[in-house]
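Each chain gets a letter, A, B, C, D and E, in the order it is written, and its residues are counted from 1.
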Amino acid sequence: MEPLKGLLSTLWKALTDQPDPKAPFLESIPEDYRSLASAVLSVAPILMVFPLLFALTTVLERKGLGRIQNRLGPNRVGPAGFLQFAADGLKTLTKEDVVPRAADRVVHFLAPIALVIPVLLTFAVLPFGRNLAPIDLDAGLLFFFAVSSATELAVFMAGWASRNKYSLLGALRAVAQMVSYEIPLVLAALSVVMITGTLSLSAIAAAQSPTPGSFLAPWYVFTPWGLMGFLLFMIAACAEANRSPFDLPEGESEIIAGYYLEYSGFKFALFFLGEYLGLFASSGLAITLFLGGWNAPFAFMQGWLPSWVWFFAKLATLIAVFIWIRGTLPRVRMDQLMGLAWKFMIPMTLLTLVAAGLWHRLPSAPLRWVACTALLAGAFLVLGRVLMPRTRHGRRVYRYAD
Amino acid sequence: MEGGFIAMPTDVILWILGGLILISAVMSLALRNLIHCALFLMVCFLGLAGLYLHLNAVFSGLVQALVYVGAVGIILIFAILLTEGGGTETGSHLGSQWRTGIGLAVLLAFALLGAVSNSPQTTQAARHTEEPTVREIGLKLMTDYLLPLQTIGLLLTAAAIGAVVLAMQEPKPRKDETP
Amino acid sequence: MTFYLALSVLLFCVGLAGVLARRHAIMALIGIELMLNAANINFIAFWRHSSAADDLSGMFWMIFSVAIAAAEAAVGLALVILVFRHRRSVRLDELESLKG
Amino acid sequence: MTGVLDILWLIPALPLLVSAILSLTPARVKGGAAPLSIGALGLGFLIACAALAEAVSDPGQVRAHNFTWFEFGSSAVKIGWVLDPLSALMLVMVTFVAGWIFVFSIGYMSHDENFTRFYCFLSLFTSAMLGVVMSNSLLMLFACWEVMGLASYLLIGFWHHRPSAAAAARKAFIYTRIGDIGFLLGMLWLYAETGTLLLYDNGAGCLEANALTQLAGAAISTGMAASTGIALLLFCGAIGKSGQIPLHVWLPDAMEGPTPVSALIHAATMVAAGVFLMARIHPLSTATASAKPIVTATAPANATAQSAQPAVRMEAAPKSQAHAEAAAKPTEAGGDSTSSPTLTLNVMAWVGALTALLASLVAVAQYDIKRILAYSTVSQLGFMFLGLATGGPAVGVFHLLTHAFFKALLFLGAGSVIHGCHEEQDIRRMGGLWRRMPATFGTYAVGMMALSGVPLLFSGFWSKDEILHSALAWSGSKWPFALGLVAAVATAFYMTRQMAYVFFGPHRGHPAMYEQGHRIPVTQPHESPMVMTLPLGVLAACAILLTVVGTPMWPWLHSVLSGHAPEVRREVSVGVLFAMLISILAAGTGFTAGWICYMRRRASGFNDGDPLQTRIPSIWRCLESRGWIDELYKMSFGIWTAAAGRFCDWLDRIVLGGGVRMIQNAALATAWMGRLWDEFFLNGGFARGCEQTRNSADRASLVQNGQIQRYLRILAGALALVALWIIWK
Amino acid sequence: MVPRVILGGGIVKGMIETARNFVGSYTDASRLTTVEYPEQRIPLHANARQFPFLVFDGTDPMAGLRCVACQICEKECPPQCIYIIKDSVKKPDYLGKMQMQPKVFDIDLSVCMSCQICVEVCPFDAIKMDTEFELSNDDRFAGLLVNKHQLAKPNSHFARIHPAEAAEVDGRLAAEKAKAEAKARADAEAKAKAAATSPPPAGNPSSSPPPKS
């Protein structure tokens, strides 16, 4: 019974932002299992919360898209359709797991696992609440990117192992896309690192907590370079997670279903789990870096709700935005995708870095606001001009057959 | 990943990591199918990353993971695919005088192991200093090691551009090869 | 400490054996990568067991060697692809024409 | 106004800058050339006026501004410029005349495609001339002197597509170069003696007292004073540049260049540079052991080498008595000093007189309008040297100034005539132009009267009268005076001849170019446009107004040049009146003779001979062919050098060439022997040796047969051996 | 709104549009056009059509069948999905006239493309378009081959699904029927009159001609 009571008090301490929430539970655990218990204690909530969130998101997504398209969305299973994920889950579990004969059995089997593991690892570093960061690594951000870069390998394994031209094509497209969007992703995050000076995510989140006196919380998104960095980070995250405008690899119309073509049943669900968890991880990172992690938007609201509530509220809004984007934007062509990454995103992120430097160096507030905004707006327009389709409505020229 | 992550004695972890690294290294060189070799190489690199983390060199472990597993792995696989290595190799995948090669390698192994076993260095106990923070690394990198950093930067850009230029050239249709 | 040295030696020799034995150019590159990593192990091991507290040279050696290895891998693979395009094969024992 | 000295360097610098700019502008860009150069000169003229005002305000004082050009070792070469009445006057004159000549050449050269290049050379020339005029160091003077020579070469040979112009340019350049050798030697000698080439340098300059006494004192083996020797050598340079007797032949041929060039270079400025040079170094030529130091100057020590020399303020001690006394009372007997004139002045006088006479005589027999003026210039220069030698610098410079104006006027008038008659230069083709070109005729008449010395109204009369008077009163010998008188008569004569031929009588233009297949009818000679006649008018006005400066009653110029305030003098000595009477007589005889010969019996056709020719055919032929001096030179020097050239060629090709060939053959022989030895004796043995090495090499080449893995194996083997060796050592 | 010239301009306009839809779907009920299908149904439009069916009058399907097996529809059907075999036995139609009738009348619904050409060409308004679409079954081939009995449906059904068209058809048929009867009556009267006047002498043909029918 002792451990149960410890667990409850730990839960309470965690939910109410108290320092070192694990202490009560760990005391109740015999000495030599303590480190194992603490590990389990920090992993368990992640494994419970985020797959659940994944489930909810699938439903929310379908309902949201429905609503956007003037229809109801699933409302059969459960109250207003919210048990739909259970139905889907059950379906994937019961579905026959077909493995193509020509497939490379081992790699085919490993691929979904190799995809999900790194994504789950990325959650280890995200600070969900004031002291709810599972592992507070000094090089947290580096860990995040190191691990998330492994997903490309898994995607390739999936695509290649199923021995199918379309899936290989989808996999290579996905890898190319993820590789070329990783650079802007890292660079966008870099500007925040430059300002805060540390790589550890909890320090970054702490740096954005509002001082009691001020009105607006000092989130980085409220600075010009922060806003631009946030936008670029979101676009890159969108591409990294192969979602909405950038879901070329699974372009149903062109190559049927991309790299998870030859998967069915639970492995297929794992891919989706991986994709959505990747989405949550990168939006979690975006929140930590730009939207002030677990801080309240305004100083006076800081005390109202526990910190993790803010984190998940922001996560919810970001997910809503992703769904919203998915409902609106058509798929991007491959060369436009690459063009956007190399011609627009990377220059813009470098410029955001410059703007951040400028922001850091310029003393007076109005001056640095004007300078940074001017720099970024100018760059955005110029680089934008490069990408905008040049519609020259010249005078109509009539040519008659002579 | 702090030292002694799980209550198990540390050298058990060492042996596991060591074994993992060596086995995957051997497998990555022995298998016929190139892609498998590449994947095993990735496993070996991850093992190494784990080893560095175990040695409290967190930054280098993560760099190893990021650079090797993230970047080099992908290039390797792309290269394999581009050189039609996808399928399993026909015929013997071992070079002509592979026996002398492996013999020499074994000879070298014994020589170096001999050297390692009786060198005075090894008797010193492992010292557990706290791992350097990223800020320290950054500062030292920017101050004491600025020149190597810049040269490495230059080298990397040169390599990147060089690789692109090399790989971009269209193959000239050779005389004996029907276009 | 001996564990690390032994591990790096073995890894080095495995890499060497791979390079010497295998016919495929890319396998040679993989062998080279292994040898480089063997060296890295020593760097970190000696850095960890070195006396000086704040001397991070071992770690920097490792980081720079990783960077160089990555650059080398990129260029090496580009060359292999180029060779493949020219010679239609990447067997090392077939690539022996010393002509231009 | 003390600042004028500092900005004096702008006067030559501006035209130089303009010439640089124009040299860069493409030929087709015509717009900028003229205004730029005229603007530069106009600005120069203003500064020159300011400088003149300052110089005149305190004539005695010599203001020099020296600075170090470059150092070599301990000593430094210092150059700089000087502002004294002489240089100020010359600056004003050059900028003024050149300015109007530029205006004139806008019209004259308007349809020439190398318009910009023309102005570029003109500006270059003017800046060089201004450089000469104001330079305070002989070295700088010599440099500008050479640039002037170059510019004259370029301008004479401006229409280089015409072979005659190119030849004339080369000829001019070579003859002036011969003169310049003398100049250079003089400078070197001067530098050797005094150690500085600066003229005025707070007492250390070579024209200052202690340098002069030192020079006068130093005598060379033949007993001649160093100063005289140097002066003579410098005079050689002057002879070459101003076209005096031995080296005068290039000047008439220099008429090949465009007329404004002749006007500017061969009338007003360049040729005058020789006279100016002798005027500038006059103290040197008159320095005798006994003479007291001419100019003493006290000035603060030189400033440091780098920084420009502070303007040198010299309170001029009263000029040496002799000099002042001569200037003050030009009329007094004895132009320079009571004692007999030094050798330099003698030579100068005789050369001047002879040139004047010979040139004026030759001018009588010329048919080309510009050649007549050229010879007249030579003779007038002779007069100037005569005046310089006998009456001191003031007399010479006064005639130089007046001559500059009316000779430029005459040349421009000639140019306007040529332009009017469509490039016709032979006076036998002209005639009757006074009705068709009234403006040109009027101004040309003024210039003619000034040149030939029509009394009272015209400045030419006064300046020539000065010279004749000083020649008469010269203590040296009376003969130069006689020669000068005859020359004056001849001058009047040939000018009237020219007027008669050009402006009076029937128009002897080409009868009808029309029939000879030229579709365009030959329009009658027409008056030149405003841009050409305006300068003529201005110069004509000046030719008249200049009298104000130099009449005996108010010798403003003489007193300014001799360094003390001008004052009006009522009484005029008997000698002066006598000299005036003589010169009026001379001019009169010249006119009447010219009138008789040419005015009454108008030459109607082109080919009916010159009246004079009929009377004195042999002398006429001699004069017309310019006294065969060209042929003389050709015969003497020409042949010499040709012969010397041939001899050297023979020497080089036969004697030396032969020797080289012999050595060559010897080398070949030895090579052959070496080959034979090597072929048979060495190779045999050696070849076998090579075989062995090649075989062993084959085996060794296995190491490099392209098998990468073989290389790696060898590498690994070596590594293993080394490791083993290290461990088990 | 946001000028399209800036890079994100188009995206923002699009997002606002979808947001308006999203919000609208909650506030403005008319937007949600879909209904819970099996439970609620959207009333079909008048001219809705799925697959043809045969109309029969009266109560007995086979007897009242209007189709006279003239096979025009079979010939005209573009995908040739109608298959008719004439029946040797005739039966009276609505006018009592003896007409043929189809022994076999099959339509392969999986082939039929519901182009309604058969309805247009049928002179006897025997075939109309039904609105029944829930025809899914597990036999891909035979399941959708419907025969005469399955096709036959009463005129009342036709009236229910296409009221206007049914009314028009019925009106036309009734009119024809009335005309036919009137003619029949007229013939009958003429015969009766002829019978009555035949006893008097056959001779006065000049009496007034028989009344015009």
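Note that a residue touches a chain if its C-beta (ideal position, glycine included) is under 8 Å from a C-beta of that chain, and two chains touch if they have at least 3 such contacts.
Keep in mind the model is a prediction, meaning the values are calculated, not measured.
Engineer: If you walk touching chains, what's the least steps from chain B to chain E?
Structural biologist: The distance in steps between these two chains is 2.
Engineer: Applying the touch definition from the top, give me the chains sitting in contact with each of chain B and chain D.
Structural biologist: Chains that touch both chain B and chain D, as defined above, are C.
Engineer: Tell me which of A-B and B-C has more C-beta pairs in contact.
Structural biologist: By the number of C-beta pairs in contact, the winner is B-C.
Engineer: So which chain is the furthest away from chain D, centre to centre on CA atoms?
Structural biologist: Most distant chain from chain D: E.
Engineer: Return the distance between the CA-based centres of chain A and chain E, expressed in whole Å.
Structural biologist: One centre to the other, that is 59 Å.
Engineer: Centroid of chain A to centroid of chain C, CA atoms only: how many Å?
Structural biologist: 34
Engineer: Between chain A and chain D, what is the separation of their C-alpha centroids in Å?
Structural biologist: 90
Engineer: Please tell me the distance, in whole Å, between the geometric centres of chain C and chain D computed from their C-alpha atoms.
Structural biologist: Whole-Å distance between the two chain centres: 83.
Engineer: Would you mind listing the residues of chain E that make contact with two or more other chains?
Structural biologist: none
Engineer: Show the residues in chain B shared as contacts by 2 or more other chains, in ascending order.
Structural biologist: Only 59, 63, 71, 95-96, 100-101, 104-105, 108, 112 qualify.
Engineer: On the basis of the stated criterion, which chains touch which? Give every pair.
Structural biologist: Applying the touch criterion to every chain pair yields A-B, A-E, B-C, B-D, C-D.
Engineer: Quick check on the complex: what are the chain C residues that touch chain D?
Structural biologist: Against chain D, chain C makes touches at 16, 19-20, 28, 92-93, 95-98.
Engineer: Looking at the complex, which residues from chain B come into contact with chain D?
Structural biologist: 95-97, 100-101, 104-105, 107-108, 111-112, 114-115
Engineer: In their shared complex, at which residues does chain D touch chain B?
Structural biologist: Chain D reaches chain B through residues 709-710, 712-713, 716-717, 719-720, 723-724, 726-727.
Engineer: Please give the residue numbers of chain D that touch chain C in the complex, ascending.
Structural biologist: Spelled out, the residues of chain D in touch with chain C are 704-709, 712-713, 716.
Engineer: Show me the residue ranges of chain A that touch chain E in the complex, using the header's touch definition.
Structural biologist: Touching chain E: residues 64, 67-72, 324-325, 327-329, 344, 380-381, 383-384, 387-388 of chain A.
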